[in-house]
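Some structures to go through are shown next.
Two complexes come next, and they have one chain in common, chain A, joined by chain B in the first and chain C in the second.
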Partner chain A sequence: MMTTSEKVGSNIRKANAEAIRRILEAKPVLIDVVPASEAIPALQEGMILHAGPPIDWGNMCGPMRGAVTGIAVFEGWATDLAEAEQLAESGAFSLNPNHDFGAVGPMTGMTTLSQPVLVVENRASGNHAFCTINEGLGKVMRFGGNDASVLKRLGWLRDTLGPALGVALRAGKGIELKPLVARGLTMGDEMHQRNLGCSSLLLRTLAPDLARTVDDRTALAEMLSFIGSNDQFFLNLAMALGKAIMDPVCDIDCSSVVTAMTRNGTDFGIRVSGLGDEWFTAPVEMPEGLYFPGFSADDANPDMGDSTIVETIGLGGFAMAAAPAVAGFVGAGTPSIAADFTRTMGEITLTQNPEWTIPALDYQGVPTGIDIRLVVETGITPTINTGIAHRKPGIGQVGAGVVKAPLACFELALKALATRLGVR
Partner chain B sequence: MMTTSEKVGSNIRKANAEAIRRILEAKPVLIDVVPASEAIPALQEGMILHAGPPIDWGNMCGPMRGAVTGIAVFEGWATDLAEAEQLAESGAFSLNPNHDFGAVGPMTGMTTLSQPVLVVENRASGNHAFCTINEGLGKVMRFGGNDASVLKRLGWLRDTLGPALGVALRAGKGIELKPLVARGLTMGDEMHQRNLGCSSLLLRTLAPDLARTVDDRTALAEMLSFIGSNDQFFLNLAMALGKAIMDPVCDIDCSSVVTAMTRNGTDFGIRVSGLGDEWFTAPVEMPEGLYFPGFSADDANPDMGDSTIVETIGLGGFAMAAAPAVAGFVGAGTPSIAADFTRTMGEITLTQNPEWTIPALDYQGVPTGIDIRLVVETGITPTINTGIAHRKPGIGQVGAGVVKAPLACFELALKALATRLGVR
Partner chain C sequence: MNKASDQQKSGAQIKEKTVQQSLLNGPPQVINLGLASFADELTKQGTVVVHVDWSPPARGDVELANLLSKLNE
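Take a look at the complex of A and B:
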């Protein structure tokens, strides 16, 4: 007869095996681009979805505040940033995490009703996940930008690119994303700070359908140029695919597998399969990295964004070995060190993904299925490749780096799981 | 006072330094696509340029014969393959190497007057180099295919894609190719058997200009789809850029640097800077590699094509370390072995190219400037990544592999150089 401890251990193993099965058998497909209001019917006027675990205006960091005021002007809820700030102070906006609405957003992660969102369907489970369209580099809302140029671009995404992508995608059978990511891993992408391969592959997949469905040639050229000049275009799609894969893993009793990791610029939060939608949070850390000319660590905001969903599925920092060129970009060191990151993440994960392999590691699969028990036992926390925003609103990206998830989240979650399972 | 031997050595060193300078300072730019008759005014009716050193009909291998008869039908010089073969037997066609006309061609390498060619300008030297447009995979003329489907595709390239690319390119400032190759090396390409990254980057560069200049949306979609579904589309451009880089290196007195390596399916030939346009040939070897389902080494034709120009500039087999995924495809072994190929090629080259670096080797440049003295001294001959054609005409590609350049070419060339410089 099994002891209580053995029985709990056995239950966790079974639950985690089911979690891994759902992760590996997921079949994410890009099927559409629609206004967020259509994708997420709960979205209403004055409602703003943001990156990370829940946070109120008073605790929001500079770039997040910049984005909130900017998106309020964009949606026509305020005539200018000053008025938007007053409204935010007065509690006029309903602020909610993207994660609670099947959505994810990079950095500040603003999702509001008129913005177009990429729709990824997980054909193994039937669920959908959403993410806005990547704005490109420079001064952009996800990094806290909110001036006229930022809002103009968002308007073009809403009025031109979003609808066109929707028409083009609905004309086809959808784009299977797992094979695309698999090729990206052979092209130096890790799908967080480097998406050059997948962005290029996505464009070549989309271009013929866009050509068939867009009447205005100048607009078509502009769209192809916008997508083609943004090496990070695929990032938002990688995030939606991550959310589409992990949402069906969110409610497996006894499972110790992490289903979400995310940051709001103030707190880092995780969710764990056996603990449903409860957030376990700790203060977010500061990335270590390289800064664009004219900026330094003094300008940096702490870590931010839902993009950590890609690490949750074994990409980003977990797949660093696939992307030796990113190691330098994020200041992690030489390419040979890149492989060490991936190997270390193997110590806190339950399996390797046989469909997503890394040529440089002789086709070893990316480390997949973060187990909070392994994190707490080893003290090794997930490595995250991240962009760095200026800490003040309205400025934008100042660098890129590597950051560790704070151990405290995992310790809190493990205690909660132990309590739930009736063990200490 | 220097001895004769010291003086010769010094002259060779100076000459080779100049060869390396010309290679590294070359500035190849894709500027146009025009009919071969316009690019190469010497081309006439009945004249066929082929891959490799000179060869007559009687000595041509099966796929080369298949391509000659096919292109004769395509050009309207014969009504069918049987008539084309009779004409070829009777000496009706003028057969000449591409290399003598500023051109290169993959595998059989057919270049005739009505085919469109990519035009690469070397802006450091002002010379131009040409290569036809890649036909895609499967049954294609470069692998000896010559049926109606092959000729139909060539007709579409001549009548639709070629002219459209010309218009789109002339509307812009040209596409600088060195930075493109540099990015490709960070995306797992070695630019011979793997061109996925560069083909995708090229498409995203061309797509907006094509959208602006092509009126017919269906035709535009077809072009974008053709380019986007051919992972080897960039190969022919890599070859033209190689030829554009090496042609200005062809006449440096005393230099022992290889300026061309090429094969006609029967002979392997090299040219050496200090020996001008003289060919040094030896029987070509059989690639070792992997075969497509249904084919084996019994079906294979010996090594063929001008594509070895990419190894001549440090890519292909020389850059294997950049392309771990290709190591498996060509049957060379595991990704870790890929790096060994690049290191070994370092033993027969004079320098590394600082603009073309390999992330996995901590940004070491590709081995560049093959010195025939080093080849003969070490007995190490260039490693070439290659496609494998069926030995019979009309069938096509049956696999991919690795082949060594035959040592005898280099020994012959070294003897000739020694004679010319008055040493034994």
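Take a look at the complex of A and C:
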């Protein structure tokens, strides 16, 4: 506990310098794909990990409920969606945030025992982070889809693609992810709503080992086609990479650096390094964006997903300048103003990442290290590029847009940090 | 001593008068702090305006501004 405000400021600066060092020196490597039960031994029957800060069934939004019931059927805990809903209402399932188990998940973020997860090892710190495999576009569980086609695809990921990726990765030395992201930024990716470059680079890297280890040529062709036709395949890997980078930053006394931002479709939550695993939450906001034909803002669910971990490490909305095409796709404006988003995020971050640079900004690094003091002082909140789910369960994605993190989270965290440091 | 002081005073008065004349005789040149709409309106009327995008710390919330001051020292 500090005794003078002068010492508090000095200690925050030192702590934040250490936080930045850990972020910049991280070495995330994709090493494996294994069942979640193997990666996360604490996972039990009836346990469902979800995106965002903690939430109970009664407060879950439509797509999150749709995913919970769908995954319960997938795991064999219920025979159909109606029974799954009854079980959920009775409290039969243990609902927990992914973030508490070293994991992250996009949108609804369902993680359960049998699903295969990407394993990213941070070789600078020795920690691991996990994320399920991206399901592709259309009706998918991450957007609340839960019909037979969704469960069939999850079954294929569990029984075919996941094990094959695991074998292929174990045959190699792992795939270093920071260089991939660096190249993706020069190819127009920001790693949240555009992953075309990195998905292509990953497929190019994985394909030889898959070809060597998968005997069934038809199955191999199906796998390569699945990855190659999904521009967002890399998103889940970018998320695990972000989690692997930020988890070692979570325990630095006095640091005001944000270590996680996430949302569950009801609340937005942040964690701050000097405040450990405490969540600071506020009602999540509605994305503003563009809708697929036949849908409008009336259909949209409030923002959700652990994918904001990519903004936490300086990608996504923070790297919009690298991806001018995204500015148009998410309805944020013309491609020429994409750089403004990145410059503005520079107002609330402590440094730039010299390994992840943006050609359009004369190779400036992406804004890195969100400081809650800067957010509160300026009133500028993180910009997040996001997908938009239908508000009803079972329908899926209806658009893409931009959403702001609610300022109240950062104000609550600032007060808590001041209390922790004895100046409030 | 008094003579030098008088000369200095006289020089300052002349300079101040010159500035006033310049302000009154030439077109205004404006630095606008805060609300951009003020700058926009002047620009529409042909006035030269430099806008400074500024807002009070923590949007004017006194408690948060005081905490920021302590946490930044």
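Just so it is clear, the second predicted complex is superposed on the first by the 421 of 424 C-alpha atoms of A that agree within 3 Å, B and C clash if a C-alpha of one lies under 4 Å from a C-alpha of the other, contacts with A are read in each partner's own complex, and residues count from 1 in each chain.
Keep in mind that, in the parts below, a contact is a pair of C-beta atoms (placed from the backbone, for glycine too) under 8 Å apart; a residue touches a chain by one contact, two chains touch by 3 or more.
Owing to the predicted nature of the structure, the values given are computational and were not obtained by experimental measurement.
Peer 1: Kindly classify A:79 by the partners it touches after superposition: chain B alone (first), chain C alone (second), both, or neither?
Peer 2: neither
Peer 1: Is A:423 contacted by the first partner chain B, the second partner chain C, both or neither?
Peer 2: The second partner, chain C, only.
Peer 1: Between chain B and chain C, point out the one touching more chain A residues.
Peer 2: B
Peer 1: Regarding the shared-chain residue A:336, is it in contact with chain B (first), chain C (second), both, or neither?
Peer 2: Only chain B; A:336 stays clear of chain C.
Peer 1: When the two structures are overlaid on chain A, which partner does A:411 contact: first (chain B), second (chain C), both, or neither?
Peer 2: second
Peer 1: Between chain B (first) and chain C (second), which, if any, makes contact with A:296: first, second, both or neither?
Peer 2: A:296 sits against neither chain B nor chain C.
Peer 1: So, does A:94 touch the first partner chain B, the second partner chain C, both, or neither?
Peer 2: Neither partner.
Peer 1: With the two complexes superposed on chain A, say which partner A:207 touches: chain B (first), chain C (second), both, or neither.
Peer 2: In the superposed model, A:207 contacts chain B only, not chain C.
Peer 1: Give one of first, second, both or neither to describe whether A:59 is in contact with chain B, with chain C, with both, or with none.
Peer 2: In the superposition, A:59 touches no partner, neither chain B nor chain C.
Peer 1: Which residues would you name on chain A as touching chain B in one complex and chain C in the other?
Peer 2: none
Peer 1: Please name which positions on chain C make contact with chain A in the complex.
Peer 2: 55, 57-59, 61, 64, 67-73
Peer 1: For a test of understanding, state which residues of chain B touch chain A in their complex under the given definition.
Peer 2: Spelled out, the residues of chain B in touch with chain A are 183, 186-188, 196-197, 200-201, 203-205, 207-209, 211-212, 217-218, 220-222, 224-225, 227-229, 324-325, 334-336, 359-363.
Peer 1: Show me the residue ranges of chain A that touch chain C in the complex, using the header's touch definition.
Peer 2: It is residues 5-6, 8-9, 12, 256, 373, 376-379, 411, 414-415, 417-418, 421, 423-424 of chain A that touch chain C.
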